[in-house]
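Below are the structure tokens for one structure; questions will follow.
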Amino acid sequence: MLTYIIRRIFIMIPTLIAISVISFIIIELPPGDFLTAYTAELSMSGEAIDQVELESLKKRFGLDEPLYMRYLLWAWNFLHGDFGHSFEWNKPVRDLIGERLAMSVTISTCTLLFTWLVSVPIGIYSAVRQYSWVDHFLTFIGFIGLATPNFLFALVLLWVSYAYLGMNVGGLFSPEYSEAPWDLAKVLDLLKHLWIPVVIVGTAHTAKFIRIIRGNLLDELKKPYVTTARAKGLPETRLILKYPVRVAINPLVSTIGWTLPELISGIAITAVVLNLPTTGPLLLRALMSQDMQLAGTFIMFLSALTVLGTLISDILLAWVDPRIRYEAREVK
Amino acid sequence: MRAMVGVRCAAALVSAALICLGGFLGDQAFCFNEAPMLAKLVKEGKLPPVDKRLPAQPVVIKPNEKPGVYGGVWRRAYTGMGDLVGARRVVYEPLVRWSPDYKILPNLAEKWEISDEGRAFTLHLVKGVRWSDGEPFTVEDIIFYFDDVLADKELTPSIPKWISPEGKMPKVTKVDDHTIKLEFEEPNGLFLQQLACPHGMELTTKPKHYLKKFHKKYAKPEELDAILKQKNVSSWAKLFQDESSLRYCLFVSKEMPSLCAWVTTVPAPSKRFVMERNPYYWKVDTNGNQLPYIDSVVHELQAEAQTILLKAIAGEIDMQGRHLGGMQKSVLLVASMGQGNYRLVPKTATASVGLLLAPNLNHQDPAMRKILSDARFRIALSHALNREEINKIVYRGKGLPRQAAPLKESEYYSASYEKAYITYDKAKAEALLDDMGLKKGSDGKRARADGQPLRLTLDVTAAIENWVDQAEIVASNLGAIGIDTEVKAETRDLFRQRIQSAAHDIALWPGDGGMECLLEPRWYFPFSTESLQAPLYGKWYQTGGKQGEEPPAEIKELMNIYNEILVTVSDQKQKELFAKIIAANEKHLWVVGLVHDPPDYYVVAPNMHNVPKQDFQSWTYPNPGPANPEQFFMTKK
Amino acid sequence: MEESREAQKYLDASTRQLIWWRYKKHALAMIGLYLIVGLYVFSMFCEFLAPYSKDTRHFDMTYASPTKIRLFDDEGKLKRPFVREVKMDVDLKTQQIRYLEVAGTHYPIRLFVRGDSYEFWSLWEGNLHLFGVDAPGRLFLFGTDRMGRDLFSRCLYGSRISLSIGMFGVALSLLLGLVLGGVSGYVGGWVDSLIQRTIEVIRCFPSIPLWMGLAAAMPPHWHALKVYFMITIILSLVGWTDLARMVRGKLISLREEEFVLAARFAGAGHTRIIFRHLLPSFTSHIIVTVTLAIPHMVLAETALSFLGIGLRPPITSLGTLLKEAQNVTTIALYPWLLIPVAFVIATVLAFNFVGDGLRDAVDPYSR
């Protein structure tokens, strides 16, 4: 088991390096640099930036260096815990991302839990009562969530709650708590706001889980041991919950890895609309304005999270299912 | 003679200011009042009493409607560091300022004399003004800006044009602690107006006693190194620029002293960026109450303009115009006004038109260049446009079809240019095109003289939806006279790259400078690379002929006239000269205006008072700054 | 008796018939199938089905709500469906637009009317539309947008672009997935490792930055059509990894099977083994995966448009239509502009139901 984990961690390193290079290239791909984006924004509000200032800014931001130099410098500092400096916010990247990253992870985790809570019962029900009208109805509801673009859902919800409920659903905190230190009241306030993004993003993913559980459970239900148990007169509810459901839920563990990046992307767009203090809006802005080091650091962290998620789910799976451990050794 | 005019003009303004001072100066029993939150600090001994903080003769601001009460939090919203422009507009304290009707008023400089035919400016500062940390504001601070910031090659590679059009340092002399004399080599006709613009605040945001520690010339090397290390900045010049950048220096540090009504207590870019009243603010109302009335200004960070709109509708914004403009938002704001969460105050854009067509005189393709440089072609374009349709679709019929001419409210207004060629007359347009030899083929599409089909691309920024809409209407109008036209809607930076390298056929952009024609002349002649009708001529002008392309005689003529305006002090003479530029524009129609947009709105909370009844919307006039936000006040709801 | 006949029928049936029977049992899947067929027919013949062209502006009818279709005239008599002439009225004080029906006017909805001219599939010109009304009556089933363009017509044209992006994008993903997944699974060794690592990197890379970077990198002077193809390629670049994994997994499990060994001993080449023997054995899986991938593309296209980096006007896709609708003003005052979302939902639902139904049907015993 230990060798398996070590081997997996070893594989992670080149993946992360590749991601860091790609993310730098991707951010650099669009023509122009941070300053062109910056001047463009200024010109929209009628302000003109003169050539002299532009040159001095270029030097100040180190944009006169070639790309690989900028990458190496950033990567080197990154390894030493210095994530660089955001041009746009004129702040060290570290100060900008800490809390937001934590928020993103919190929301993602809550969303994942929510998704499981909703999809497991639905999945079980629709497998047991396959092709019943309730099955169809529940699946339908699940898919509606998948089919509605998150951002639109969020915007409509925002408007409805403003216009008809007189409620401010944007943000994650009420104004009085937003700068307050963490205490119980603030956590409660957070929970009051948290459900909206969780529901919006969560509904987009329940369908997938329903499908997995339903499929797996259907397979299990056809297996001989179920028939045997049923023949022995085991009550149906107990029969289903005790064995097939447990086997059917197992694969959910393996979904942590690939669900995380999807959730974070999904939340990014929703967060823009709902004004959530997560990584999403900042990342989008950083990408649009080509705020190199900020965007690069974000991507690195998000990817690292994903890689870590994959690792954890693989380890969990290997732990749950010895066959995989065996297979891993064999492949080697 | 010219000097005389300048002095008389300045004297008139000063006496106007004195009239409002006169009300209480004679009253010996008068004492100053302060906000309860400051009175408490004084009691606790943390702050000197109010009359020690105020100048002996503080500047008196006459409240817009009535004297106010202290207190309140002014809630606004912003979208991040790039959006601190909004906060800058609230704290507007240059040496001289714009009056609400766009004229020059004294501010930190209480009077001035202009001599030597407009070469020398002697400015008298208000005596006894203090920075927000209690240190006195003197001529030294302004000299610090000129000698140690502007003259320092590391900090400022070259002198900005707004200081002196020829880019030369003025000679700066300290007459006494409160009097400074600036002498330019050439007459500087627009200097005072430039000082009133937002960049004029460069001179009043350089507290020498504070910034000294970041400057190589003054700081002890080991202390400077310590700061550099602590802030992780590689050079002192970077550090100094960071600490003193006008774009954000007042808002990102709690330590930065300021002369403004509110000073930063929770720096941007936090979720709630807070500015609180400046205990040393140097203005009082007519009852001797120290301003500002409002305790603090809070900007809440929002990811998107849409949520700002929602906040406004829900009554969570007390006064703001930024991010709430544009027809689409205005319509919803008007529609939701019935809930009583706010009222709307109109502000007129000082842009001459909401959007104009700038045919590229620097086109790389010689055949296209020849066509676009032909005045007949541009006039044909103008007649082909159905401006009424644009007005109806985009502005609900509330706009005004016109050329990119100075606005009616401005001193440079020309009725004939405003209405030139704006009639929708397809026949006339087609006749002009036929006359140019752009004949229609059998498919109804026109071809160039060299037989190639005549195709136009309209470059427009996709950031604003109605710009694309207008472009599409223009494209179909041009299609109707046989010009095959395509709209290219791009992101802002792609758009800019294209137009600045003069790669466009026709670019669309708002017609800035309908009021402040002299300060923002880019649509009246190729003034800079922002003049999309001829960015390369503009570059030629800006670089004094070193880069860009040499313009033809009729455009050089305009540049010469403008140069003459720059060295002219007399308003009257400036107007006469500018009229020549306008006349040339009317003849050649270098840019084609569409429709002047109806006013946008400030959203104003019902309990917010003393706000203007109407305002201008501009960059050079940083509204609502000129309306004295320090005398806005809020009553309890 | 009855039962045995059923059983006999079952035994005699071909695989295809079996699949179809199983599929038919899935009610949602059947609905999905009808929907897909409907949507594709709509989008293929949109020039003819749409009453107006997508760019025709009725500038005296901006933000018109869906036209009321009436069945009874003033005397209360049942007539064939007709509409009234509508006049726009802007309240200068509130700036709100109102539409007033002109009493007594009567324009029946007619079939096969002549209207805006179009180039059908860019092949031949025409101006015949399935239905419409005579001027000055106007029929806006879904209302009009800010430029007075008929939203119903725009939805049809938008579906065409969005659905075809889904198709092309998935086709491209399929190609990439088959080739790379196939090579990876069949060849194995370091090639496999390399491809697997690549897939891992792509999957770990947050998709939004990837899209944004690539989309923003497109040269600005590109023609709209080129942008369209490029967006398709970008979407499929992210989407092929699932397919590749599936193909690889299947190949690995199949390549040691007896029938493959037999083929190899019989002297069949790699290509022949892959295409003759291996691929057909999991075609059904591929079809399922592909069906489920299409709605992903459609949704991704709307997300790109939301971010302002997808297709741009004048191209009309469901994404650009939604982009135009996603502001508070629209939701509050002109909610009918949200109708395009119904097309998105219908598309995504339909493909998912069909995919699920197919999966249940083609793969009844093993998973």
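By letter and in written order, the chains are A, B and C; residue numbering begins at 1 in each of them.
In the analysis below, a contact is a pair of C-beta atoms (placed from the backbone, for glycine too) under 8 Å apart; a residue touches a chain by one contact, two chains touch by 3 or more.
Values in this document were obtained by computation on a predicted structure and should not be read as measured data.
Engineer: Report the chain whose CA-based centre is farthest from the CA-based centre of chain B.
Structural biologist: When every chain centre is compared against chain B, the largest gap points to C.
Engineer: Give the chain pair that accounts for the most C-beta pairs in contact.
Structural biologist: Result: the chain pair A-C has the most contacts.
Engineer: Where the centres are mean C-alpha positions, what is the separation of chain B from chain C, in Å?
Structural biologist: Comparing mean C-alpha positions, chain C is 47 Å from chain B.
Engineer: Between chain A and chain B, what is the gap in Å from one C-alpha centre to the other?
Structural biologist: The answer is 42 Å.
Engineer: Using mean CA coordinates as chain centres, what's the chain A-chain C distance in Å?
Structural biologist: Taking the average C-alpha coordinate of chain A and of chain C, the gap between them is 26 Å.
Engineer: Give the residues of chain A touching no fewer than two other chains, as numbers and ranges.
Structural biologist: Touching at least two other chains: 30-31, 155, 158-159, 163.
Engineer: Which residues does chain B have that touch at least 2 chains other than itself?
Structural biologist: In chain B, 306, 310, 313, 494-495, 497 touch at least two other chains.
Engineer: Residue numbers in chain C touching 2 or more other chains?
Structural biologist: Residue numbers touching two or more other chains: 216, 220, 327-328, 332.
Engineer: Help me check something: in the complex, which residues belonging to chain A touch chain C?
Structural biologist: Residues in contact with chain C: 11, 14-15, 18-19, 22-23, 25-27, 29-31, 131, 136, 139-140, 143-144, 146-149, 151-152, 155-156, 158-159, 163, 207, 211, 215-216, 219, 222, 258, 261-262, 264-265, 268-269, 283-284, 287-288, 295, 298-299, 302-303, 306-307, 310.
Engineer: Can you tell me which positions in chain C touch chain A when the two form their complex?
Structural biologist: So the residues of chain C touching chain A come out as 25-28, 197, 200-201, 203-210, 212-214, 216-217, 219-220, 295, 299, 302-303, 306-307, 322, 325-328, 331-332, 338, 341, 344-349, 352-353, 356, 359, 365, 367.
Engineer: Enumerate the contact residues on chain B facing chain C in the complex.
Structural biologist: Contacts found on chain B: 306, 309-310, 313, 328-332, 334-336, 389, 392-393, 396-398, 462, 465-466, 468-469, 472-473, 476, 487-491, 494-495, 497-498, 503.
Engineer: State the interface residues of chain B toward chain A in the complex, per the touch definition above.
Structural biologist: Result: residues 80-82, 85, 156-158, 160-161, 198, 232, 238, 241-242, 248, 252, 266, 269-272, 300-304, 306-307, 310-311, 313-314, 316, 461, 463, 492-497, 512, 528, 530, 542, 618-620 of chain B touch chain A.
Engineer: Would you mind writing out the residues of chain A in touch with chain B in their complex?
Structural biologist: 30-32, 36-41, 43-48, 50-52, 55-56, 60, 82, 85, 88-92, 155, 158-159, 162-163, 166, 168, 170, 173, 175, 178-179, 271-277, 281, 285, 289
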